[in-house]
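Scrolling down, you'll hit the structures one after another.
What follows is chain A paired twice: with chain B in the first complex and chain C in the second.
Our next item is the complex of A and B:
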């Protein structure tokens, strides 16, 4: 199945376009986020920095800015949908908010969200760009509302998960929040008359769920975890519940840390502690609820792959980062 | 010093690194307290042409079945290997089956990547780990 000589699978290959290395070797790069324009990348690492990468005049990806505000590892970064704000969730229990200047790559540290007791593990903006969710090892999810003057008001503190919460993510269209946890479940949260209630709890994973991603219209969700499995879920409108429609196991030999569903091509990419990147494809016709491995790129990084994200503007371009302190940009190519 | 034949790491090399780790509570080493043992270590190295990374699996036996420092011992083992093994490694650490009351819970915690990093960013835990893994000068 895996051809390591030309990395060609099902007629597809993953071509390395660019590779950027942090100065300190083997700094763990935990996460990355594409700016909505598709031309800027934000990364975060255990050196406590958020870094901004972009292309220079010669089309080479280079480090543009290092943003310093945290005392510990920065675990995740997220751009607001308009691209004006960047949020960073840190193990120092705070979330930093940065405002990008209009035409340049300058950033002002406009706010710091405090309140969590332990490490903040994930941060996400809703589709309107006014709500922000953060989650922590303290087992709570905080929903924040952005007010004028870059002030953030905490609207709600949600508890329900029994353990650390690894990831929060908003539905791409609705005011519906999904969270995944060390307690092996995924939960959905919704504002019902001012109270954020847990609407659904999804069980099936056999260990911590590291990452989740919605498809474009939000009718499906994909999740991955410590159990080396990928689960596909679908919203069953008739019965008002989320059901597991497909699962992939035994593709990765170690935990899967990241998963991302492309809203441009509908393909899915994942990154694993076995150093590989895997691309999945949805079936067609009657097999729309089935998924197959399109390509597996072994040795994509020299260590754990912590994050894989599709470019939001340019089809089939994806970025990855890992424990080898490297950020890589790839193009998925269909061979002739 | 450890002699790494042909740069291939085996369980003896790994045991030599972890045997002198001091127990966080007692004045003894993990070897003396029979917490670690060469036979409970497996190493896969040089597999599938991956010459730059080895895969290590270690079982350890806490001194008592309710030992609250079992996660710290696991951190010490992991950190010492990371510092002393002259090769990149992927390490799995588990409690010897049946030797702890909350075995499953601890196994999950000590192999969770975020928890490991976060624990080592806590100054008290970090200092304790460094103290336990420090090599005595002879």
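Our next item is the complex of A and C:
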């Protein structure tokens, strides 16, 4: 399949490599996650399923497995850094943990994390793979520790956000947790003598913050939201605080649901309710704290783009999914 | 919790039409705004674009309404389980409610006997706040309560002796499998209402059978006051107004349970619950300088008080959350294995609020107890039990008994205790409170002669049929109401 609409921006174009459609029509696909190997994709959707996609012998992306454990929508999926575990956060207020068999694409449902009062909105593993964070409409963030027997122990229950929490994400190197909320703020959490305390609160967004992403060394964070804006934040070591360094407005006509900072190329991709995918680039030299739009792919999906994620192994490859029930794999190409 | 915040609270409650239960009991009236606004109730409430609630009166003036602040925030476990209906019950149990009952209690014909039951954690908190001894607190309180025409001051350590004895006997019976499959092990303690509320709401199906049926000290005192003491002083249960002072807001919920309401006498076992910090508000309301009050032992009588004859020293148990683990452990070790436990050695878990203790007999672990305070540790206990019941592991139970309290550090740090600004200051204050709590002589509940007398004369002995009827309760699974809003994202 090739991309017919070959619009180019700044000498870049986004080439469609593959497109997969879920069998049942009208199933919104909420989120996707690349396996650390870069060769497997996990998706989750309205149909309560977590699905595993991979390439067949002929290099075509195909559905490999459907994992069934939830009674309601699965909102977010996350692979552990080692790739052995997959977590799914669901509106049924639970988070399911799956263990992948060593060499095959078989999965065992090893644990179910219960405790949230309402919908679980997001789940994230820390860089060591032993801590897991979940967040919910119940305004709480739970930190879990994985035990030897695949069971989990709750380390902390944090309250601090005034509203539904949309996203949790661990710092790529430190034991520092970030969360974004319907209360328009981003908060950072850290373990101080056994209690997880809110270290910083970032304000600036004018509405719900749907997604956040760290750059490779964790010195910067990018966020996007209902206010159609993308905010870039930087850790100011001297003053021990996170500051807003750059803002992008008016690129999208509707809310921006997802953002992902590539740890391979340092480029950033976003997906929006205006059906587009946008790629951003960091400035160089004195302009390191400035960002520009490299490319905007209009009509990337037939409906809202819910998630965009860079492949962790293969440069310039990204996957997207949306309300149109399709998963697309793209390559960012620099035209000669 | 100042009265101002309650006014605000009720005004916002009117915005939420759903889930509003009007309490039927005489003590709790529907929440009203005592301060009448001048608009004859014709004002409108609007939500502005920024999400603020604004009250617009007939003449068009706008007044921004404060957001409802639920005073249970201090206690994480509690804030997670409060619906607006329960908030109403809590708000109705206020110092205003208390004072209006006290003040209207003047006419001879329906004059009520007023009993106040004070918890040992509350007196410790007040002593730390005023930097005086717990004994001084009691003596000054007697003077204060006398001025409010209160007739009796009791001590919930007294009723706690019953609660401990019943819990221990219940545990032994469960251990011996005398109570059947619907009362299995591990036995989970039942004195914390925040925990009970949470268990009923979220884990009803599988966790309730594990919870001890023994009533809490507050509710046992309720039973004693209304159905034993009332006979002694020869009045109807409904002619006693019984107020408790507790370290915990959730005790208000506990007192409001239907299980503790008597249909025949139309009375609750505990009519009104005030938190320790609300006592400070009460002093303010009555323009009382507590520290200046006279110290009196005689001002009002205190039949049920764990204090020595000279009125100089308190009797109590170890453990500032009631000492359930320690007492049940010692009792069971003696009763089941004839082992006298001297010092209890705890193994501290992942955090200070999780401790374990076990008893080995002939190399075999025969008793394994845990203490789990705070929401996160509760979660882990619940998870362990659930895994155990669903997987039906043949391996041994994780625990035989768990003392569960919703608040980190337990009842001494209850949501209703006096707090200090700042984390450090509050920690130091908590330590002082704990020290004050320990100003007491440790006494085995079995050695309380009054308790033994009541067991003999009224209950036919510990864990007897009568004791189970009067000193035990039951729990109810609460169905989750499905949300009308279909969440799309």
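Here is the rule we go by: the second predicted complex is superposed on the first by the 331 of 336 C-alpha atoms of A that agree within 3 Å, B and C clash if a C-alpha of one lies under 4 Å from a C-alpha of the other, contacts with A are read in each partner's own complex, and residues count from 1 in each chain.
Everything below uses one rule, namely that a residue touches a chain if its C-beta (ideal position, glycine included) is under 8 Å from a C-beta of that chain, and two chains touch if they have at least 3 such contacts.
These numbers were taken from a predicted model, which means no experiment stands behind them.
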Dominant contact partner of chain A by residue count, chain C or chain B: B
First, second, both or neither for A:137, with chain B first and chain C second: both
Chain B versus chain C as contact partner of A:226, first or second or both or neither: first
Touched partner set for A:119, first chain B, second chain C, both or neither: both
First, second, both or neither for A:157, with chain B first and chain C second: second
Touching partner for A:254 - first (chain B), second (chain C), both, neither: first
Partner chain(s) touched by A:273 [first = chain B, second = chain C, both, neither]: first
Chain B versus chain C as contact partner of A:285, first or second or both or neither: neither
First, second, both or neither for A:194, with chain B first and chain C second: second
On chain A, positions contacted by chain B and by chain C: 75, 91, 118-119, 137
For the chain A and chain C complex, residues of the former touching the latter: 75, 91, 114-115, 117-119, 137-138, 140, 151-157, 159, 194
Chain A contact footprint on chain C (complex, rising order): 76, 79-80, 202, 350-352, 375-376, 379-380, 383, 386-387, 483, 487, 489
Contact set on chain B toward chain A in their complex: 50, 52-53, 88, 90, 108, 111-115, 117-118, 121
Chain B contact footprint on chain A (complex, rising order): 28, 46, 72-73, 75, 91, 118-119, 121, 137, 164, 166, 182, 207-208, 226, 254-255, 257, 273, 299, 302-304
